[in-house]
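In what comes next, subunit A is part of two complexes: it sits with subunit B in the first one and with subunit C in the second one.
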Partner chain A sequence: MTRSTPAVSGRVALARPRGSGGQLAVAGAAVIALAIASMFVGVSDVSLPALLAGDRTAWDIFWISRVPRTISVILAGMAMSVAGLIMQLMARNKFVEPSTVGTVESASLGILVVTVAVPGASLLAKMSTATVFAAAGTALFLLVLRRIPLRNTLLVPLVGIMLGGVIAAITTFFAYRYDLLQTLNSWMIGDFSGVLRGRYELLWIVAVLTLVGYLCADRFTMAGMGQEFSTNLGLNYNRVMTLGLIIVSLISAVVVVNIGSIPFLGLIVPNLVSIIFGDNVRRAVPWVAVFGAGFVLVCDIIGRTIRFPYEIPVGVIVSAIGSAMFLYLLLRKRERRG
Partner chain B sequence: MNKSVKSRLLAVSAVASLLALSACGQDAGAADANANTETITVEHAQGSTEVPVNPETVYSFDLGALDSLDALGVEVDGAPTAQYPESLAKYGEDAVTKIGSMKEPDFEAISEGAPDLIIISGRTAGAYEELSKIAPTIDVSVDAATPVESFKEVSTTLGEIFGKEAEVEKQLAAIDTKIEETKAAAADAGTGLVVMTSGGELTAYGAGSRFGIVHDVLGVETAADVKSEGSHGEAISFEYIAEKNPAHLFVIDRDAAIGEAAGKAAAAVLDNELVAGTDAAKNDNITYLDSASWYLVGYGLNNVDSMVGAVQAALVK
Partner chain C sequence: MVSTGLPTALTQHQRRPIKGISPKTWIIALSVVAVAVVAAFMLIDLRGNIGYILPRRAIKVGSMILVAYAVGVSTVLFQTVTSNRILTPSIMGFDALYMLIQTGLTFAIGGQALLTMGAPARFVTEVALMVGFSFLLYRWLFTGGGKSLHLMLLVGIVFGTMFRGISSLLQRLIDPSEFIILQDLFFASFNNVDGLLLLVSALAVAAVSTLAWRMRHQLDVLSLGRETAINLGVDHKRSVISVLIICSVLVAVSTALVGPITFFGLLIASLAYQLCSHFRHAYVLPIAVLLGIIALVGGQLVLEQVFAFDTALSIVIEFVGGIVFIALLLKGKVK
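Then we have the complex of A and B:
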């Protein structure tokens, strides 16, 4: 239980971060290596010799398809993991993330509503609607959470999953009524196969949000300790919670609209980082970002290679690996407490 | 408490027997109305069934059969709730009994309507046993391995049931002619690839798939050897299309169900640099197939004619 109480991380976070620049640089280099590998995986023949020889087609494919895909994998992986971390600080629980508290479900309900109401809506309109819905869904979760007197570690994600289930049920009902079930399915399963130059640029928004999340990490830690405590520390509790809500909702909405849902990512990455490096949040954010990017890169490369030349959506791979890891994390905590 | 349970049980059994009585009455009435008690034995995908000739009330879950019966001028009284294409729009109206969704029969509505024949296919094939208890049920699923032969058999059967053999024969002959013409056009039209767009993503279909008719029957050479198991194709990237470089791209727009004009959503998905580099795009050979026709209706006398027609038009352009 100690590990999952942010009070500990709060105290550590306020201390000066210990230097781990060297290790982080190694991890960053590993992610860059994965990114380079990712740029050379695909149906068309894009090889280093071809590129060096100045092959026009190879370079075209490289810039039109490979580079955008790799960048979007990194951005989505980073952002969703950091969003998960912020979510965990705000809910004071290590078992929540946007796809287990209803944020992602709410975002998809938003896309569905805008698609049915305004079929020709632009990507920006879809994203804005999805963000509003995601924020509303997340706020609802945080409100419900405040009313639960006994904050058992496992009860919190359970409440979130139930809430998400209700929202998903509403979404499914309307999708069914409008004959959009299969379309909804392909939206929801995260998939980078549609990423091309000119189609992913809005994802850069999440890079900015991730940075803001990093800069405000300490505040989220303090806010996570409760309204009274953080007010005593001179923090505007409501403002920080609202900021967190906006960051998490925007990241989720942008990623869901552009890529689809990548479940469990925001859960396993921050947890792994905290197991390995402890609970210093300020220091954890870069690690979470690097781990998140690396993990999704690996999953996307797997998805592209195991049924080559066809693809398996990254969402499927991530949830297969992620659910196993989630289970492991749950059981591991249980053992410790017992 | 005990008493109230008892009285409730009594009430339930009273209602049940009333229902049973009224059901009997209806049955007797239906039998009387059908002076023509002649039946024929119909062989279909799930066995053989005794079917009355010229059945009075017909319910069809299969939109292909619905389309065929529409083409033959036979009245269909019950159809599922679905996004009907324009040609079959009248079956979406309230005058036609709604018998469930494309996948799930509404057993109560069907029992109440007391049909004389129920027609089902792939999506509702699992309900065969249940539906057979209500009325003679035939499964007209078309075998994807030999779609045209299978479609002809089904059409002939429908012709026999409704006494329209000659009409069916005439229409099938017309379709055959069209298929031959299309094959001839396909012979030197180059390769083709069938893809479906859904939620911005792509799946490819090859020979032997649900849209395999393009290759298997109409003879369009395959641009890629897509082995799709299951009915939803293989997920592909835009690079795949660029790499296979088909001369003709046939697109089924799954998102058209949202209410946009067919092909509009798919056109937005395919409007990119990689697809633009293919021969199909360069020669203006990207054909947006009518999704209702291909995805929903499938094998019906009018519909096969228009499906073949669409491919033919694309090839001889």
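Then we have the complex of A and C:
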């Protein structure tokens, strides 16, 4: 994703004092280092000497469990962060993300419906249902948003959280009736411990979606300015909004079905990036992806080591660390203002 | 919105009162309904060993009334001191804080030690910690330089999420057998409220209620907004702190009894303001409490008798509360 043709970087260098390609490469390298470290964390013994010595079991564990896990951590972290950014552009509000506007809740409602209606449904069927529900939930949020008389920044995340609460209440109600509360809990808390070769490959879809999101980033910014404004700029507003909706819903659905929800990720990472590198969206996307991947990697490693040999789901770690970080950002701003 | 000295509450009501019915009439009518609902809950389908069933039902109704009271009063008071109709103690993370304190205590001294403390001692310790923490945290938040309601709301929601996140992290670090004890402590539903805990809670509620009742005129002035209240001679900081302490105790009571119910307070406080054409606390508070009792006891009655469910009431409240609130937002009634 780094564009490194000399002509381009030379021309743009003036316009971008911070967050240059070089820095991005360094950050990318740091994420790769983290990824490598993550591959050597775990209960069964996979050490570098063992791998070098050609230990058969070590290599098996490495390829069947460790590598898929690390890849899925990176993919989920990247995608959820970018989905948060796209959400924020579409709603024109910095405080929304798929798990605060009801997208994730709708996706789990979808999984619940398919689980109850077709007990033996395939992963693909679950995912498609979850996507349809997630898209419907997100569309509902955007519709409600348009009808709010005063587009107050404070109301937007509030309406989203309310809507998410209502959808979650419906889900809990039926999960309770069908005795699926425990299953529901396991969807809602992001957890990478079940990732194995052959069971995570659908996550690659989100890599493609993230790329599409990157390529269309500017359009989402324009569409966020409103229908009239973007039509004046020659943009097909409805098409762009639909595209954004599909990207965000599909990413959320795939991640929820395979991993579970990772709260706050889409909120903190884009905000952190915008504080550090400013608001140029096109430039922010790669940084959001790198930060997202790095952040989830760190949380996953913490989750695996803090209570070794037991494991704490990454969703729990992210909500504890992520909310504290977000709070710090908010209050640091306040100190500056006051 | 907080920074405007305008009497938000006042203008709100001059614009949209339900005319023709005085607050006193509402209080009388709602009391009659509430008594009828409670009586129905106690007496309908009363078969078998009455000496066993009646006390059990009484504890259940008692805990619901206490929760309705605690949630109604704490929400109205909280909205008064923060001069808005959106913030409620539970949205600002009060009940999440309470659960974190419980989890933290279990983590620090162990579930067994916590149980052997006995309900009253445990409750007093927890409430003391809760008041201490919320005092530090929310006093700083509400009386500090940051006047943006938007920021406050967001900080509140994030605080709530952080408390819940840390709680669940600690819960995972706790020994599984201890975790079961903990789970029993804060997911008690209306069905298995401890009689002793109910008594302790009732005493705590009675104590803070006297304080709140003595402050009622001061509260009316406070609802005119910070600047106006100060101009009229109210010690704003001191009253805000007193109200925060009252709210902490009430939230601790309701959370200890039945666990967190997010939208309930919002629901009954909004309704109470819609019904009541006066903004005086002596009217709004009883109306909110009565509405709460009718909603909780009536809701439980309908669920048990009509749908034959047991503990899904909080889910239904969450659902209805959320929808009502979104509707209010869309009509622009709550700003």
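Just so it is clear, the second predicted complex is superposed on the first by the 307 of 338 C-alpha atoms of A that agree within 3 Å, B and C clash if a C-alpha of one lies under 4 Å from a C-alpha of the other, contacts with A are read in each partner's own complex, and residues count from 1 in each chain.
Note that a contact is a pair of C-beta atoms (placed from the backbone, for glycine too) under 8 Å apart; a residue touches a chain by one contact, two chains touch by 3 or more.
These figures come from a predicted structure and were not determined experimentally.
Asks: Touch test for A:L215: subunit B only (first), subunit C only (second), both, or neither?
Replies: A:L215 contacts neither subunit B nor subunit C.
Asks: Output check: A:I312 vs subunit B and subunit C. Expected answer is one of first, second, both, neither. What do you get?
Replies: Both partners.
Asks: Applying the touch criterion given at the start, work out whether A:A37 contacts subunit B, subunit C, both or neither, answering first, second, both or neither.
Replies: Neither partner.
Asks: Touching A:I275, do we find subunit B (first), subunit C (second), both, or neither?
Replies: Once the two structures are laid over each other on A, A:I275 reaches no partner at all.
Asks: According to the contact criterion defined above, which of subunit B and subunit C contacts more residues of subunit A?
Replies: Looking at subunit A, the partner in contact with more of its residues is C.
Asks: Answer with first, second, both or neither: which of subunit B and subunit C does A:S193 touch in the superposed model?
Replies: The first partner, subunit B, only.
Asks: Looking at the overlay, what does A:S65 touch: subunit B (first), subunit C (second), both, or neither?
Replies: first
Asks: Output check: A:M162 vs subunit B and subunit C. Expected answer is one of first, second, both, neither. What do you get?
Replies: In the superposition, A:M162 contacts subunit C only.
Asks: State whether A:T172 touches subunit B only (first), subunit C only (second), both chains, or neither.
Replies: second
Asks: Go through the superposed model and pick first if A:P263 touches only subunit B, second if only subunit C, both, or neither.
Replies: In the superposed model, A:P263 contacts subunit C only, not subunit B.
Asks: Quick check on the output: what are the common subunit A residues between the subunit B footprint and the subunit C footprint?
Replies: Overlap of subunit B and subunit C footprints on subunit A: residues 307, 312-313.
Asks: Hey, which residues of subunit C end up touching subunit A in the complex?
Replies: Answer in residue numbers: 86, 144-146, 149-151, 153-155, 157-159, 161-162, 164-166, 168-169, 172-173, 262-263, 312, 315-316, 318-319, 322-323, 325-326, 329-330, 332, 335.
Asks: Provide the residue numbers of subunit A that touch subunit B in the complex, in ascending order.
Replies: For this pair, the touching residues of subunit A are 42-45, 60-61, 64-65, 115-116, 119-120, 178-180, 182-187, 191, 193-194, 196-199, 304, 307, 309-313.
Asks: Which positions of subunit A touch subunit C when the two form their complex?
Replies: 95, 144, 147-150, 152-155, 157-159, 161-163, 165-166, 168-170, 172-173, 176, 263-264, 306-307, 312-313, 316-324, 326-327, 330-331, 334, 337-338
Asks: Tell me, which parts of subunit B touch subunit A in their complex?
Replies: The contact residues of subunit B facing subunit A are 82-83, 198-202, 204, 234-240, 242-243, 254-255, 257-260, 269, 272-274, 277.
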